[in-house]
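The first chain written gets the first letter, and so on, giving A, B, C, D, E, F, G and H; residue counts start at 1 in each chain.
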Amino acid sequence: MDKLKKILEDIESKKLNVDEGMQHLKKYLYTDLGYAKIDNIREARVGYPEVIFGLGKTKEQITGIVDHMYEHGTNILITRTHQEVYDSIQKKYKEAKYNQAGCIITIQRKPIEKTQSYIAIVAAGTSDLPVIEEAYETASFFGNRVEKVTDVGVAGIHRLLDKINILREAKVLIVIAGMEGALPSVIGGLVNKPIIAVPTSIGYGANFGGLSALLAMLNSCSGGISVVNIDNGFGAAYQASMINKL
Amino acid sequence: MDKLKKILEDIESKKLNVDEGMQHLKKYLYTDLGYAKIDNIREARVGYPEVIFGLGKTKEQITGIVDHMYEHGTNILITRTHQEVYDSIQKKYKEAKYNQAGCIITIQRKPIEKTQSYIAIVAAGTSDLPVIEEAYETASFFGNRVEKVTDVGVAGIHRLLDKINILREAKVLIVIAGMEGALPSVIGGLVNKPIIAVPTSIGYGANFGGLSALLAMLNSCSGGISVVNIDNGFGAAYQASMINKL
Amino acid sequence: MDKLKKILEDIESKKLNVDEGMQHLKKYLYTDLGYAKIDNIREARVGYPEVIFGLGKTKEQITGIVDHMYEHGTNILITRTHQEVYDSIQKKYKEAKYNQAGCIITIQRKPIEKTQSYIAIVAAGTSDLPVIEEAYETASFFGNRVEKVTDVGVAGIHRLLDKINILREAKVLIVIAGMEGALPSVIGGLVNKPIIAVPTSIGYGANFGGLSALLAMLNSCSGGISVVNIDNGFGAAYQASMINKL
Amino acid sequence: MDKLKKILEDIESKKLNVDEGMQHLKKYLYTDLGYAKIDNIREARVGYPEVIFGLGKTKEQITGIVDHMYEHGTNILITRTHQEVYDSIQKKYKEAKYNQAGCIITIQRKPIEKTQSYIAIVAAGTSDLPVIEEAYETASFFGNRVEKVTDVGVAGIHRLLDKINILREAKVLIVIAGMEGALPSVIGGLVNKPIIAVPTSIGYGANFGGLSALLAMLNSCSGGISVVNIDNGFGAAYQASMINKL
Amino acid sequence: MDKLKKILEDIESKKLNVDEGMQHLKKYLYTDLGYAKIDNIREARVGYPEVIFGLGKTKEQITGIVDHMYEHGTNILITRTHQEVYDSIQKKYKEAKYNQAGCIITIQRKPIEKTQSYIAIVAAGTSDLPVIEEAYETASFFGNRVEKVTDVGVAGIHRLLDKINILREAKVLIVIAGMEGALPSVIGGLVNKPIIAVPTSIGYGANFGGLSALLAMLNSCSGGISVVNIDNGFGAAYQASMINKL
Amino acid sequence: MDKLKKILEDIESKKLNVDEGMQHLKKYLYTDLGYAKIDNIREARVGYPEVIFGLGKTKEQITGIVDHMYEHGTNILITRTHQEVYDSIQKKYKEAKYNQAGCIITIQRKPIEKTQSYIAIVAAGTSDLPVIEEAYETASFFGNRVEKVTDVGVAGIHRLLDKINILREAKVLIVIAGMEGALPSVIGGLVNKPIIAVPTSIGYGANFGGLSALLAMLNSCSGGISVVNIDNGFGAAYQASMINKL
Amino acid sequence: MDKLKKILEDIESKKLNVDEGMQHLKKYLYTDLGYAKIDNIREARVGYPEVIFGLGKTKEQITGIVDHMYEHGTNILITRTHQEVYDSIQKKYKEAKYNQAGCIITIQRKPIEKTQSYIAIVAAGTSDLPVIEEAYETASFFGNRVEKVTDVGVAGIHRLLDKINILREAKVLIVIAGMEGALPSVIGGLVNKPIIAVPTSIGYGANFGGLSALLAMLNSCSGGISVVNIDNGFGAAYQASMINKL
Amino acid sequence: MDKLKKILEDIESKKLNVDEGMQHLKKYLYTDLGYAKIDNIREARVGYPEVIFGLGKTKEQITGIVDHMYEHGTNILITRTHQEVYDSIQKKYKEAKYNQAGCIITIQRKPIEKTQSYIAIVAAGTSDLPVIEEAYETASFFGNRVEKVTDVGVAGIHRLLDKINILREAKVLIVIAGMEGALPSVIGGLVNKPIIAVPTSIGYGANFGGLSALLAMLNSCSGGISVVNIDNGFGAAYQASMINKL
């Protein structure tokens, strides 16, 4: 945002006239690919580079955005994508990696420094794997140390209690659960760190695509819990990263 | 139902002609008060006397049914009622008792023998009291020993673990919870007895009148759990009584 | 749970020091396969071996869990699975059996003793077959005698009345119905045994994937009924088994 | 509608010019009270006089409409009204009658001839009384013989079977039920007459204001059933009257 | 039902003993194919032969039921089926016919006498064809004369007004509409015959699979309208047939 | 927005330094009352003065805002308010007027010039009065000529057709309906002007507080219709005013 | 509509007798293709030619309607269609064009004159492309100048602010957004032109197929916004065209 | 938790025998008031003292809990309470304070040290006051510096931009909005700090008690946002406090 003040000052000092100032402002902000506007100051503004949300974008659109970002040398993260997109990208950019379970492609152009403190990703069941991996890849990409604790659903509470130290020593927790979505409530009573709860669509019948877990988490009787969208491992990792880096 | 066979046999043996048989059948079955048909063979048929569901009935209707049942000497249970109905009934039948929190009136005409085995009623919070009491009065009325364990919500799991023996030694459990409805799932992983889960409407916002707890309980990852309607302490106690008496 | 007390006593008697006690506790509880934690004390703790819920697990994950359980000689039940998983398992374990309608694989390693009393599985329509078979296989696997009564929907009440004795002599009933879900209410007025109602997703339009039957069952005017998730034949059989074995 | 053709013919025969024809058409159709347009040809057009739906109308509006209709000598029916409106109307029109349970006021100006065939109104519970009475008054007002059979819910099926002849001899049935809404399905399997099902809002918790009964009735496995809005005793009687008079 | 009385009389007159009477009753009622119980007295009891609801039944189950019914010489109607089932049945029973749009197979074994009065089937749009045809085939199969009036949605009200006589002369109307479901309300103000409204799932977005039309029809401000399930052309025709034949 | 450019120019021309420019910007935009920020440039920016939405504001808050606006001499409109607020305001500002049905207070400080073209407000029933009046007062306040056509629901389509010229000559229409919400669809087929549809919460049962009308309007098969929130007469009038003044 | 008056006059002047007048009226109104009634006076009546809504129509039905319209020389627009339909039509009518993203076929038979004023189509994300294109093609087909501004979601508000002039100079705006649907609210505070908001189904989890955006838009705190169905680019363009041409 | 290890060590060192160890454990954990179990180790375990959730608790229950906590000298916070409870408590404990808008009682027994970093509480409208105050009191009670920025809804985006520095310098933000719930999405694009979004029930019609804002926030296109229950100012402040103190 200093750059914005700079432009005002340049106008004041007559380095720029008003029209030139207008031009500078526009270019500074984003690149327009026609079908997409790439936010060039996102990292400066909110601390993270723009991420490509793959759902509903064509292979051609994704590739075009990758090309632009690759040129600028930034690290690239594509979520909610699939094998076919990966095959296409991998031909051009050999360093691209694909986490199949998490449906995430990463291209690392510059080193990622990891935090000392860590994010704990805790999940109720084996079936929650896609959400676990989406959260894991995202958090790692943003430079966080991550510890995973999986298959510790409330139906066998001793499995959870056994891992309690890993949970307690985390700086922030991502807790993932489908079905009855009880896991964040139980953990919320055992640790004193912020918990970001992720309901998953795992289940059937009256889970209504994750609604059961979502409502359960929103209504948790434990403190310190907030919730992101169903299956939104990315969003949970994004906020957890912000908190972990405070 | 033996009585029905008896009527067929009486027809065969000419003790009754067909028309008389028809008459006998009708009288045998119920008393018609006009606004209500009192099911006289319910106790024989399903093992429990008919219960008066107070919601939506006028004071006059309830009193009329009580009068009829009182004459037959059966014990009387009125659920979902209120102080005004009680005052009216208590004037006439001094032995009537009112559980205010549970909104239940009982009139005991003959002794109730209690079971050896017991039903455990377990509840997450203090605010669930109306449902707890409805279940407690009903189960007691039907002749069950009952143990109550309250305010053991999942946000403080050690409170629950401390009472685990009372839960484990029950023959059947009624587990009551509002908000995220996680308690039955946690208990289901700790005991090997059938659990009847009762969602309550306690909460606000996205609990949608108990929907959050209801969905959570229906989607429990623990085995051995079935669910009754929101706030339905009566229904849970009714089924628990059936199971406790097996 | 005696084993837990034993560990405390071993610490008291100095057979174990505190750290060794900690180690013993962990190993005793479960085996960690990485993607899944197999609950080794489930049968001891809740009376039933762990069951493999196939939905959302890969073929590789299921096979890995089967391998581990097979080594321990336990009987194995896999629900919500499909032909491809069966083909893969059957190659390795010839005794594996597949109930196609119920989508259930069973591998019997040790004999299953059957109860004297039985569970009645009652279903409204031919189309409810997948749920019927899931319940049937599960109840049988857990050692229960089972009687099936199918296609006795309320639209032809005489078909139901004809089978009434089978229903009345059961110790507990599983009643399965889609569409308007009325069957449990009708049966609840005719028998005096606990009924576990299973709504099915059979139907179309305003059945909203089983919601119509689910709500009908939760709101039943008959006593003695509790409800499990839509299409959850497994859950119904699990609880019915608990009750049948009391 | 003959009158409309007459107007065209009058134009053809020059009895009316085009503008006069337009005027005739307008007057013929309705009276405009400002806040309401009274449909003068409704009885001619659809066979029934207009009925005053009281919900959401002020006492003044209702009285104004009554005054207009009273002048025209038609019989008057006001639904969804309350005591205060009645008191006001009864002062002016002594013959006004009020069915308190059904919240219906009637003013009979000319004799109502009754049909030979009858409508059976069948209801599951005592608590459904308001809907029963709304249907009863409406059907009677429209000149139908009516037989009421109440408190025959499916939880005690023998009470229903005992009244089966009254049901079978009706020309059309109105079947009213709250909670699980199973009664129309059971009756639909026992009689061969059209059934108009009325879900009621009686119940609590997961009945969601009558939704449970509504969905159950829409999804009935029995044939010959159609459904009106929750608590809509008027609408059911209206259609039943049409059918009864065929 | 006379046959039932006959059995009682035979017992009285000692033509049958009690056990024999029991046997007679059972056989009289239905045939048990194992996976289905065919209701042999349905036509006697409710006036219509049993219809095969194809949804959720395997080809083998349907064929088995057809074989049994064919032997008894009854006309056969299979709804919600598909080409593959038809191909299989047509090989064996050459007279089988398939209405592809309506997904209905009919096998006519004995002549169907048509009524003088007719059912009008009115539909809003071309896209409602599957429901129109399901209703049409069903009504015809049950011996009704039928008149179809299609593509007369409320967005072009003059198309509807042009056909108004066909609507007015019907004995009963089936009115089919998706999207905003307004057609029955408009017709209800123009005719004085009972209307059975069928909401369809045609539409997208906030039609929520037919919910918009369903709610609109249930809340119609016009009288004389009742509603069946979304897309339930069969159910509408079934009830319309009952009314048409009064 | 010219004022914003002016500030940049003043900086360029050194009339203002950067800090002064910042100050000017802030003051220019709004007045901060602590509990509310009054948007001083709203009329300049979006063409209309800020309106006070009364719902959820205390009498004191409303009065405070009125005082501030009164001083600036603007006309004042308060929606969703009630008698008590009016009494309080009327004491201080005698020219305040209250439309009781519409729950709207207006204080006119300067003359309102009316448009030549008009907005037609069309409503299905007498019970929709509160919404009609909210729309009427708002549109008039914003300087529009308005024509009201009420009680022309689709159940008596001739009442509507009689007023068709008033509808056709409007520049834009607001069409208000509860229950089945069919009126906009019918009018949409008869006029070629934009229609803003307002669903109302009038009705009961399955209207679910206006949901039935809302969904019907969103799914209209007629073109030229858009929809505002349930009962939102204000919002409809606001947009209609924008269109009428184009 | 003048033609209708003309017919009345011809009857008056005996140029036509009543029966001939009836005939003329019918033919004048529409052509009946059997499966569809083509509204010949739509353009005269509501200002736009009839559009073919492709969803749920067979290729044969669509082709039949196109043939009829082509003969009459009108421009043709087919929405919600797909490649296969296009291939079939393009063989016959070479001038047919297909907008693949928007799923729209156009056949231009006569020149389309464009307006001076323009409609701004503003969209939050790249993934909203199908809705953008449906709106774009429709608005263009109806003769409107259109300006597109895409990928200006609220998460990067500066991208939007940069294009603010294009938005402000439009006569009417179509604002398209999925997910949280916030874009119309933000724009509504910045421009003083009517906004037609289109929620899209883009998103996942708790967006419930576009419900989140739909509700957000209906509840907008900004004025001047009305809403069409989820993904209904056509409907938005239809109304915007009406407004743009005022 | 060290205390738990201490008990194991005391058993090892024979300071305690096994039974004594069991006793120590129980007392250590909580105080049982019968109707409530007060969690004595909550502050140690999760970093915050237990808070009294007033909703659904009687005045007597609340007073009893306060008495117990007061004796232990802890600071006391009661949420979702009302004037009558306050009057009763204030008689006994003069230092009790009541925030009427926020429905919160506080009793401060020991000084609360404030953090250097602060939590920003940002709210869209004046009507959100109850939620703002609940969040404010809670955050302050837990020792956080708080900055409030209210009435900065998205309909007047410049009001928000003017306060942007207060938002950017916060360590964590609580963003409160009803209606369309867009505010967190807009702020999420402007700051790089974690945002806890609180949907409020403010609004009417299709806001469905806060559902519109809830869904909008869960589906936000901005990163760094998580959500708590509708109107849950307490929960948001609880988690924000955890994050602010990291």
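One rule holds in what follows: a residue touches a chain if its C-beta (ideal position, glycine included) is under 8 Å from a C-beta of that chain, and two chains touch if they have at least 3 such contacts.
Note that the coordinates shown come from a computational prediction; the quantities given were computed from them, not determined experimentally.
Novice: Which chains sit in contact with both members of the pair subunit A and subunit F?
Specialist: Touching subunit A and subunit F alike, sorted by label: G, H.
Novice: Taking each chain's centre as the mean of its Cα atoms, which chain lies farthest from subunit H?
Specialist: That would be chain E.
Novice: Give me the C-alpha superposition rotation for subunit D onto subunit G, in degrees, nearest 5.
Specialist: Resulting rotation angle: about 180 degrees.
Novice: Quick one: subunit A and subunit G, Cα centre-to-centre, how many Å?
Specialist: Roughly 37 Å, centre to centre.
Novice: Take the average of all CA coordinates in subunit F, do the same for subunit G, and state the distance between these two points in whole angstrom.
Specialist: Here subunit F and subunit G have centroids separated by 26 Å.
Novice: Taking each chain's centre as its mean C-alpha position, how far apart are subunit E and subunit F in Å?
Specialist: The computed centroid separation for subunit E versus subunit F comes out at 49 Å.
Novice: Listing for subunit E: what residues touch at least two other chains?
Specialist: Answer for subunit E, listing residues that touch two or more other chains: 125, 156, 188-190, 205-207, 211, 214, 218-219, 223, 229-230.
Novice: Spell out the part of subunit E that touches subunit C in their complex, as residue ranges.
Specialist: 25-26, 29-30, 35-37, 39, 42, 53, 55-57, 61, 80, 199, 201, 209-211, 214, 229-232
Novice: With touch defined as at the start, can you tell me which subunit B residues reach subunit C in the complex?
Specialist: The touching residues are 45-48, 51, 171-172, 188-196, 214, 218-219, 223-230, 235-236, 238-239, 242-243, 246.
Novice: Contact residues on subunit D for subunit B in the complex?
Specialist: These residues of subunit D touch subunit B: 125-129, 150-152, 156, 158-159, 162, 202, 204-207.
Novice: Write out the stretch or stretches of subunit C touching subunit H in their complex.
Specialist: It is residues 5, 8-9, 11-12, 14, 17-18, 21 of subunit C that touch subunit H.
Novice: Which part of subunit E faces subunit F closely enough to touch in the complex?
Specialist: That would be residues 124-125, 153-157, 178-182, 185-186, 188-190, 203, 205-208, 211-213, 215-223 of subunit E.
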